[in-house]
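When the chains are written out, they are named A, B, C and D in that same order, and each has its own residue count from 1.
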Amino acid sequence: MSIQILRWNELADVKDELAGRDWFFGTSGNLSIKVTDDPLTFFVSASGKDKRKRTQEDFLLVNDAGEAVERTHLKPSAETLLHVEVYGKTNAGCSLHVHTVDNNVISELYADQKEIVFTGQEIIKALGVWEEDASVSIPIMRNHADIPKLAREFAKHVYGDSGAVLIQNHGITVWGKNAFEAKKQLEAWEFLFSYHLKLLSVKNSNIVSLQVQ
Amino acid sequence: MSIQILRWNELADVKDELAGRDWFFGTSGNLSIKVTDDPLTFFVSASGKDKRKRTQEDFLLVNDAGEAVERTHLKPSAETLLHVEVYGKTNAGCSLHVHTVDNNVISELYADQKEIVFTGQEIIKALGVWEEDASVSIPIMRNHADIPKLAREFAKHVYGDSGAVLIQNHGITVWGKNAFEAKKQLEAWEFLFSYHLKLLSVKNSNIVSLQVQ
Amino acid sequence: MSIQILRWNELADVKDELAGRDWFFGTSGNLSIKVTDDPLTFFVSASGKDKRKRTQEDFLLVNDAGEAVERTHLKPSAETLLHVEVYGKTNAGCSLHVHTVDNNVISELYADQKEIVFTGQEIIKALGVWEEDASVSIPIMRNHADIPKLAREFAKHVYGDSGAVLIQNHGITVWGKNAFEAKKQLEAWEFLFSYHLKLLSVKNSNIVSLQVQ
Amino acid sequence: MSIQILRWNELADVKDELAGRDWFFGTSGNLSIKVTDDPLTFFVSASGKDKRKRTQEDFLLVNDAGEAVERTHLKPSAETLLHVEVYGKTNAGCSLHVHTVDNNVISELYADQKEIVFTGQEIIKALGVWEEDASVSIPIMRNHADIPKLAREFAKHVYGDSGAVLIQNHGITVWGKNAFEAKKQLEAWEFLFSYHLKLLSVKNSNIVSLQVQ
C-alpha cells in the first residue's frame, strides 16, 4: 500500500473515532497527517465537511504553504496554516484540533492565567512525564479571527515533537509523532479538563458531612 | 434517483444521527425537508413514532397547509404548522426540532430575558458569523399548548434562510438551506448551550486556588 | 410468528436499547412483557444476566405468582413480584425497571416529600397529559430489602394502565400498554429528572451577570 | 476451544465494552484474566496499546512474576505487578483497572479519609451485600510512581476473592471470580461514584423551593 493510502486511512480512522464522540460539532475542528518530509506534504481536512461521514473528499494534500498540491475543487480547512506551523517547527507527524465543551470552558476559565497546570495525576504519564508528582501545563492563548495572525501567535507555543495548545473558546490543538500519539495526548488532556471541571463543580459542597449517605 | 427519494434519505440520515444522541426522548421532536417549491411540499415526521427506528412510515409528504398530499393512515407531527411557517416565510430547505436537557434548561433560565446572547466563541462561525468578537443571539419564546397559536408566535421569529428559536421548556427549532446546514446550526447551538451551563456550574468555585491541584 | 416470539423480540429490542445507554449497570434492572392474559403469563428477565449481551437465556416465562411455567434452570429476576403486581392490577402489557444515576439522585433528594412534581414541560405530553401548564407527579417510596414487602408497598402506587414509581435509591419502574409505550414514558421521566438536576446545578449561579460571556 | 482462547476472548470482550465507554483514555488502564493456577499464568494487557482496537497483540501471557512466559516483542503493562498481587493473594480470575473522570475525582475528594462509604443504595447488591441498609466501603490509597512500591501498598488492601481499591488520581482496580463478576463490580462502583458526585453537585441548592418548577 502506498504511503499516501496508509496515511489517509490513519487520519480517517482517527477522525471517525473523534467524530463518534461528537468532538466535531458544527463542522468545527480539523486534522492533518504528514505524508512526505522533503518537500513537506500533508493531508488536511477539507473545509466545511460533516466529519461524521467518511468520504473520498474528507482530506486533500497540501504543501508547506498550506496550498493544494493537486488540482481539486476542495478547499483546505481555514486553519491549515496552524498545521503548517506544526510541521515546519517540529518533527510531528500528526496534528489534531477539536472543540469540546470541556476544553472550551477550561480555556475561558484560565484565559487570564495564560495556562492551566495539572499535578499529581497518573494520566500525566500519557503526556510522556513519568516522575512522581510531576506537573504538566498547557498554554492558553487568545483567539483571533484573522488566521495568519492566529497562526503566528500559535507558532510561539509550538516546540517539541509533541505538544498541545488551548486557544480561548477555540478548542485544543495537539501534535505528536503519529496519529496514535496525537490521539493519546488529546485524550489525556481532555481527561484532565473534565476531571478538573467535575472537581470544581463539587468543591463547594460540604463533603465530609455527605460522605456517608 | 428521484428527488423524493433523495430528500427522504437525507432526512432519514439526519434523524438517525440525532436519535443516536438521544435527542428525541419520549418520541419528542420532529423534522422536515422540502421536496418541491411550487406547490410547496415537504416530508415531515409522522406523529408518535420511535425515532430510534428507521422505517417506511417515519415521514409523510404534506402541503403548505401541513396536510397529507397522498392517502395515508399516517398523521403529520402535531407541530407540522411550525414547519409550514419556516417554508412559507424563508427559502430554507430543512427544519429540525429537538428537545435536549441542555436546551430546555437554557430556555427556562433565560425565558424572562427572551433571548440568550453568546460572544467570543469560535463555534459561532458555524452560524455564519465570522467577525472577531461577534455576538449571536437566539430568541426564547413562551410555550403554548395550542399549536396554531404556537405557530403564529413562532412565525414572528422566522426570517432569514437560516435561523433558530428556543421555546421555553419545549426545545429548539432550527432551519437552514438543507439537512447539512440545519444540522450544523443545531450542533453549534447545542454546543453553546452546554458550554454555558458547564461554565455556570463551576463559576461559583474558587477557581484560582484550585488551579494547581 | 407466534405471539411468544413477537413478545420476546419486542422485549429483547427494548433491552438492547436501554443497555446501550448503560441503564443496567452491575446487572441491575429488569424488564417484562405480557404474553397471555388468561392465564396470565409474561416474560421476565432471568436473574443475574449481563444485559449488554443478547442471548436465548435473557428471559423466562412466568405465571401470576412469578414462577416459571416451564422447566428451566433459569431463575426469574428477584423483583419479579413487582411485575406481577403491575399485570395483576392494570391492563399494562410491559414493565421496565432501570437504575440511572439521575433517577437515583432524584429519589434521594425528594424521598421525604414522597413525590416530585413537574410543571410546564412540553415533554409531559409523552406521559399522556396535554393541557397547558399541566403538572405530573411521580411517587417516591422507601426501599425494602424484603421483596414481598417491597412488592406490597409498590402495589399501593400501581393503578392506571400506564404509570411510574420511584423507589428510593432503587431506580424507576414504569409500565404501559406495550414496550413502545413503556419506553416512551421511561424516556420522558428520565428527561425530566436530568433536566431538574441540571437546573439545580446552575441555579445558584449569578446568571444575569453571566448572560453575555 | 482451548482454555487460552476462551480466556483471551473473555478478556477481549470486556476490553471492547469498557473501551466503548472511553474508560481507557490516553492508553490508561489495564486488564488481566487468569488462565492456569499451577503454575499461575494470566493474560495481561500489552503496554501502550490503543484499547479501542481489537488486535492479536492486545494481551500476552505472563507468570507469577509478571514476566512473559513465551518469546514476544510485547511488554506487559507497567502495572502487571498489581495483577500479580491479586492472583497471588486471592482466588480471583479476572482483574480490571480503569481511569474514569468520576473515580479519579472521588479518589481525590476522599483521599484524606482513606475510604469512601456508601449506605442504602440498592446497587450495593451487585457487590454481594444483601442486607437492608448495608454499607460498603472502598479503600483509597496514595499513588506511587514506583510500581513495586505501588504494588506492595496495593497488596495490603487485597483480600477476598472479589474486591476493589481506589488509588488517588489513578483509577480503580477491581477483581472477581471471572470477567463477568469483575465487570459487574466495576459498574456498581462507578454508578456509586457518579451518583455521589451528582448528589454533591446539587446539594447546595435550595431544593424545596425548586421542587415545583
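Basically, a contact is a pair of C-beta atoms (placed from the backbone, for glycine too) under 8 Å apart; a residue touches a chain by one contact, two chains touch by 3 or more.
The structure presented is a predicted model; accordingly, all values stated were derived computationally and were not measured.
Novice: Would you mind reporting the rotation angle for the C-alpha fit of subunit B onto subunit C, rounded to the nearest 5 degrees?
Specialist: Best-fit rotation on C-alpha atoms: 90 degrees.
Novice: Name the chain whose C-alpha centroid is farthest from the C-alpha centroid of subunit A.
Specialist: C
Novice: Taking the mean of the CA coordinates per chain, how far is subunit A from subunit D in Å?
Specialist: One centre to the other, that is 29 Å.
Novice: Please work out the Cα centroid separation of subunit B and subunit D, and write it as a whole number of Å.
Specialist: 41
Novice: Using the touch rule from the top of the page, what residues of subunit C touch 2 or more other chains?
Specialist: In subunit C, the residues touching two or more other chains are 108, 120-121, 199, 201, 204, 213.
Novice: Per the contact definition, I'd like the list of subunit B residues that touch subunit A in the complex.
Specialist: Going through subunit B, the ones touching subunit A are 17, 21, 120-123, 125-127, 130-133, 180, 183-185, 187-188, 190-191, 194-195, 198-199, 201-202, 204-208, 210-213.
Novice: Over in the complex, which subunit B residues touch subunit C? Could you list them?
Specialist: These residues of subunit B touch subunit C: 22, 25-28, 50, 52, 99, 101-102, 104-105, 108-110, 113, 116-121, 135, 143-146, 167-171, 196-197, 199-201, 203-204.
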